[in-house]
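Naming follows writing order (A, B, C and D), and every chain is counted from residue 1.
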Amino acid sequence: MTATAPQSHGNYATVNASIRPKGRLELLSKLEIDKLLDTSQRGLHTVFRNCTLAVLSSGNDLDSGKELLERYPNFNVQIIQEARGIKLEISGAPATAFVDGEMIRGMREHVFSVLRDIIYVSDEIAENPRFDLAASAGITDAVFHILRNAKVLRPGAEPNLAVCWGGHSISREEYDYTKLVGYQLGLRGLNICTGCGPGAMKGPMKGATIGHSKQRISGGQYIGLTEPGIIAAEAPNPIVNNLVILPDIEKRLEAFVRVGHAIVIFPGGAGTAEEILYLLGVLLHPANQAMPFPLIFTGPASAASYFERVHEFIGHTLGAGAQSRYQIIIDDPVAAAQAVQAGIAKVREFRRNNSDAYCFNWLLQIAPAFQQPFVPTHASMRALDLHSGQPAHELAANLRRAFSGVVTGNVKEQGVRAIEQHGPYEISGEAAIMTAMDALLAQFVAQGRMRLPGRAYTPCYRIVC
Amino acid sequence: MTATAPQSHGNYATVNASIRPKGRLELLSKLEIDKLLDTSQRGLHTVFRNCTLAVLSSGNDLDSGKELLERYPNFNVQIIQEARGIKLEISGAPATAFVDGEMIRGMREHVFSVLRDIIYVSDEIAENPRFDLAASAGITDAVFHILRNAKVLRPGAEPNLAVCWGGHSISREEYDYTKLVGYQLGLRGLNICTGCGPGAMKGPMKGATIGHSKQRISGGQYIGLTEPGIIAAEAPNPIVNNLVILPDIEKRLEAFVRVGHAIVIFPGGAGTAEEILYLLGVLLHPANQAMPFPLIFTGPASAASYFERVHEFIGHTLGAGAQSRYQIIIDDPVAAAQAVQAGIAKVREFRRNNSDAYCFNWLLQIAPAFQQPFVPTHASMRALDLHSGQPAHELAANLRRAFSGVVTGNVKEQGVRAIEQHGPYEISGEAAIMTAMDALLAQFVAQGRMRLPGRAYTPCYRIVC
Amino acid sequence: MTATAPQSHGNYATVNASIRPKGRLELLSKLEIDKLLDTSQRGLHTVFRNCTLAVLSSGNDLDSGKELLERYPNFNVQIIQEARGIKLEISGAPATAFVDGEMIRGMREHVFSVLRDIIYVSDEIAENPRFDLAASAGITDAVFHILRNAKVLRPGAEPNLAVCWGGHSISREEYDYTKLVGYQLGLRGLNICTGCGPGAMKGPMKGATIGHSKQRISGGQYIGLTEPGIIAAEAPNPIVNNLVILPDIEKRLEAFVRVGHAIVIFPGGAGTAEEILYLLGVLLHPANQAMPFPLIFTGPASAASYFERVHEFIGHTLGAGAQSRYQIIIDDPVAAAQAVQAGIAKVREFRRNNSDAYCFNWLLQIAPAFQQPFVPTHASMRALDLHSGQPAHELAANLRRAFSGVVTGNVKEQGVRAIEQHGPYEISGEAAIMTAMDALLAQFVAQGRMRLPGRAYTPCYRIVC
Amino acid sequence: MTATAPQSHGNYATVNASIRPKGRLELLSKLEIDKLLDTSQRGLHTVFRNCTLAVLSSGNDLDSGKELLERYPNFNVQIIQEARGIKLEISGAPATAFVDGEMIRGMREHVFSVLRDIIYVSDEIAENPRFDLAASAGITDAVFHILRNAKVLRPGAEPNLAVCWGGHSISREEYDYTKLVGYQLGLRGLNICTGCGPGAMKGPMKGATIGHSKQRISGGQYIGLTEPGIIAAEAPNPIVNNLVILPDIEKRLEAFVRVGHAIVIFPGGAGTAEEILYLLGVLLHPANQAMPFPLIFTGPASAASYFERVHEFIGHTLGAGAQSRYQIIIDDPVAAAQAVQAGIAKVREFRRNNSDAYCFNWLLQIAPAFQQPFVPTHASMRALDLHSGQPAHELAANLRRAFSGVVTGNVKEQGVRAIEQHGPYEISGEAAIMTAMDALLAQFVAQGRMRLPGRAYTPCYRIVC
């Protein structure tokens, strides 16, 4: 790797560098190289560029793709054909991705993970007639192939993956708590999977790193699952050693619930609410009734009221059946980790009895409503059916979409631009549900969970009863 | 792995067993398992069954696919869907593949290599519109993909692969000589690639194993390249730790010359002659004139006259230009190994200067006449154009086909059956060429190089001037 | 490993467990086992028991060996002969050393490191006529053998070991700063060596763990050097993966300066002052004048005045020559790490030019005054020669002893008991020096650096002019 | 490593080279280096020089230390102090130890094994008062320490070590048979230990190398146990990856029977007879009666009568009790390997039930008569008590000494010189025993087992009734 000395564009120092791949991308045929060089023609270049910038901006205090692009306006990445393969020429990159002129190795890996997944999804999934992305089984198959290609799935390994969800913007106290839980998970030999941004997505990995180190566990797995729309707002922490860029938010959510053996929910905002509604909606499907799926809501003492409100909201909208699917543990990292471990033991037994794979939950039934991509626009948000006269898991699907729209309007580049142009999304529905939702979102705003601290929050939504 | 106690069918003890895969085949999607189970419908079952039997018969004194099938008439292999993957149920297998009831691990690996390649060629190459198998570049690309999928190509490794060609039926003295050469190659850190049968294909690997052991080289590479038609006659020795089943003889030959950095020719019969003519034909292509390609003919003192005859035949048919492409070293394993090493140093320099990959010779030009499959039949053999009024490399292509037909008639199942039905192939052409060819083949017969010892040889060809 | 459920003795939960060794202690002769079983007769049992308790109490908020023993009065460890080796029966151990009934692996390693070193020092050093512990070369040789036996020395490795010194009782801000420096050192591929307790001895290791993880460095070395007197007050953090119990404080100090390639000083109390005086005293030896030895004093902005005082004290006592040996860097972890790296480059060059080992600084001259154990008693403390009419490095040696006595009186078991019986140590000397020392110690007391927070500090010394 | 081009001294090409150690000898203290440089003063230089020459002459057809020294009269090896350790300057070494100017890595390892063991035995055993070499337990302890220091003992490993004994001068047919047995042992995952010369000491290792390779076993253990007197006659094959130089023949024999889990005897001469008598003598000790100790005599069909004679000799001298301790298997490598495996299963059970180590047979009782070094001289040979009026195991001890003397007179340097000066040793005893012994030795002579082929054999002994 070679790199130039950092330069300063505006206020932010940048570096130019060229890097070479390791692994699969090392060994390419002539045709494959030609295709890679051709990314621009295929419209892949923008997404590759933006995701790469996001990866390299990890550690900056930013949760907006739009701001990131504005901060590094000259950033670019070019694929260059070389003697025996390819290299990437990177220019205008954040200097923070480099140590004394050399790119941090974890970040370099991430850049090539981005390239690997964008190419794979385009070449092997999207353009491949073998995958029927209109059918539920086809979508699941695509998720499996993307994860296998990224070497996330470890055949023969015991179930040990704890997915951690929670906000990117949380208080210091909540952040420290996520580290403590991660530490206790790590001490128990568990691996961590998160959405790979800051806050509740970074704390558990840091804690687990220390826990693994004390237990002399090398080869710990720190999986980050992201998608092109969210990556800029939640740039992957370099502790992540298995980064996967799923093509959209729904496949990312499916990946979480198929690879995870237990899910821990820390306090968070609209994104966390989306994740909770997704998972509860899936678990409410009758076919999944008997399947064990450990789900732990946990936080420090100060987060007790937060979880009460979330619990109430679930009760009001999805009912007691949904409430029975999780356990709330306040201010007790050891108990939370033990609950995860006990739950995973049941998952293991269930998979064994039902001949399902340990590394991929094939048996979980996910209805198309949770798989088909939802693109939030002013029209699609307005059209959401948020009334109680439908099965709980269908209402969950629609509520999930509503919160997904809020995330889009908050931090995703195209969402932010749409709100700037047309004003907030309008969300309407049954009064009782709207009231509950309004209250929950108001709490998120009041507690600073919608955007990183130091930024005034202007809501991107309006509740219309 | 579980296995039943050996039973005796006819005179040959057999074993039933079930085995599970490691590596890529461990982690399959539902659709992939369904497709595997479906091999029978796709006509892949017979080829999978026959190749598997060949793998498991390694070490038996047999060089005829037809005899092998007759010896183990009840042999079968079934793919069974299991809890979390597949297993293979094998019945009526040669007991020699088992040690105290457990399949030798190297053989188990080979069985799954066979499965891997048959599936890959069928699914990813033959049925994939991306590969244009009518075009030269498309064929080369297919060969590259098959080798990469088999993990034969090691990016970043220095050039160190010596391909060894020679007869499967050679004298004890010649065999011991191949071991000595392999030993000297191994002492110099070189890896070995052969056609993976007995005789000159096994000796160098055995020798190199000892050489590597003395040099404390672990991770030595012993590549065996074969194809469904020849594997039964030349069953892979379990020392081979990288077995690849190319789809046909032409892709196998192309694989040899693209992965090898030097080629050593030991005494052999019609198959070796085919290989020599193939390589010389390729090297005579004007585009390859400046490319270094170390080619060493070597054998014990007793083989001196053999090589004289071969040398003469090449002179008579292809001329002095072809003769200048190789070096003959008699009774000196150290000199042979040193010549290989010196030649590889030039290859390394050439690749570096021309920005070609170390692990795959992209720059070698192979004309379509050497790539398009030739199917020997009585008609196609008779139709060969064996006259001197054509460029040397075209005559080489046709002579190559003639010898390829002789191999088919000697040892391949369908060839042997065709000869049994219709009598020997007729080969005709210019008198001088026919005379030279007749003399060469007669020498092969006289020296017992056409079939394993202990079998009377009835020629499968007739020279018709 | 088997362990009973935790029980509660007084307020502190305890666990009984038996553990088996890995590595060297796995393979013992009959005589060696007999000797081990005999530790009690040889008076080694008490030191083994106390050090083991210290190791297992890591993470408790304690810095007093005496309190620790009082807290776990029933703690014991017995060596038991087994079928094919030994095991340890541990009873009354702190429950915090166990995760769900299983001892944390890093702690188990530490227990056997303790056993290894106590036995080795007793059997192979103390009782071995080959080591002349009265001679300077003999002491250095003993230090080398203890470190080699503990596998701390890595032949062939590049110089990359940063020793971090500083207080066990520091503010949160200072602690976070040590993590940031450790992180920057880790990002640069440097390993960490500390005295292995809490505070400034733990922070850099935690930070470096994250840095190594981001750089994908596995096999990072986290060395903890301790001695039986201090271990209870500064229990090794389990991140330490190379724990060594040197026999006394002087050999521990010699180990630090012979294995470290650079030394970073964070804010601290009397122990840190002892370390600074030791190192400056050694470096002031004329033989070491030309030797590069990077020495960085660093801390957050709030520590600026702390370092000013230390700098002044050094100026007043040892003079400008001593002051020229270090660099003070305030509030800049990146600059501190870069200074370490630049300094190590010079060390590497010097060792290469002078044919010294990279892993052990043989060329550093250490005068006997710094090697001979100093046992602080009321008499020996009173007798210290603290006047300016001696060479600077001799005054440094005596000042070092004075601070060493303060550490003993503060936290070491026998020191605390002696103070309880006879009142504070009396320290006398030249007025100017006494004034400077008094001021420095008063600052340490005022800033809570003498004992962990929450404990009122009663000085164990009295300055007598 | 650097080496000069080979030169020719007399008829034998030689090379000069300098080599550096790996592992333990890399990291030496100043005193240790001084001691090493001092080998000449301590009389260790000659033994180091001669053993090193033996190691480097492996592969030459020589079985006489005296001839070897005469062939390479200018050979020498010097220990040189270097910057950060030592190197060896080797001059006049056999060119066969080098490949294109570089010493074969296995041989380089052997040179440093020789140095390691000579130093260790001198420094840590002979000069160490802790080892009471007059007592049986002290000798056993010394053997254990030498083996542990050489890293031969693998704690935690399952019993899997087959010791192979047999002649260095055997027929091609017998040699090929030892390879087949080694192959079958290797296929069963067993490791090999031999006396590490040619013939029956090399064949099993070669065979096992291929067997391990087919079973994909890396890390196979090939132990060679030798001693300074025999190493020149039986130079270690470089396949040996654990070479140990025991100080004398008795400790070497004890090492064999304490590390081996089964013993295979191939045809051999006086040395093999010595080994058989040693082992049977030990097993006849009443304390060993119940201990399983698999002992297999095996060879090709042509060796049947050889084993009959040996069997008769044992019957005549030691009786039926001794005969019941072994099994004779003719011409069946598979059965021999299976017998070894079945026997080892019993050994494993016995060790487990009796709490003995798997890697060292502590429980085997070896009487002092088998441990105390016997130095064959004309006087001591004449004085041997070879009468039937003593317990069988005592007679075995004396017969063992008689054959040991024959080996000395045949191939060891000082023995050969003594015979040249004073004529053959005289051996006398009871007529019946003398007759049996005479017949057995005569058979060895007739079958060419006393010296390598191509050398006329003049007996070094005379039977005097």
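Convention: contacts are C-beta pairs under 8 Å (C-beta built on N, C-alpha and C of every residue); 3 or more make two chains touch, one makes a residue touch a chain.
Everything numeric in this text was worked out from a predicted model, so none of it was measured.
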Third chains touching both subunit D and subunit C: none
Among the chains, which has its CA centre at the largest distance from subunit A's? D
Between subunit A and subunit D, what is the gap in Å from one C-alpha centre to the other? 64
So how far apart, in whole Å, are subunit A and subunit C when each is placed at the average of its C-alpha atoms? 43
If you average the Cα atoms of subunit A and of subunit B to get two centres, how far apart are those centres in Å? 49
In subunit B, the residues touching two or more other chains are none
What chain pairs are in touch here? A-B, A-C, B-D, C-D
Using the touch definition up top, name the residues of subunit A that touch subunit C in the complex. 99-100, 104-107, 109, 187-188, 206, 209-210, 213-216, 218, 238-239, 241, 338, 341
With touch defined as at the start, can you tell me which subunit C residues reach subunit D in the complex? 26-27, 29-31, 82-85, 130, 137, 141, 144-145, 148, 153, 155-156, 355-359, 362
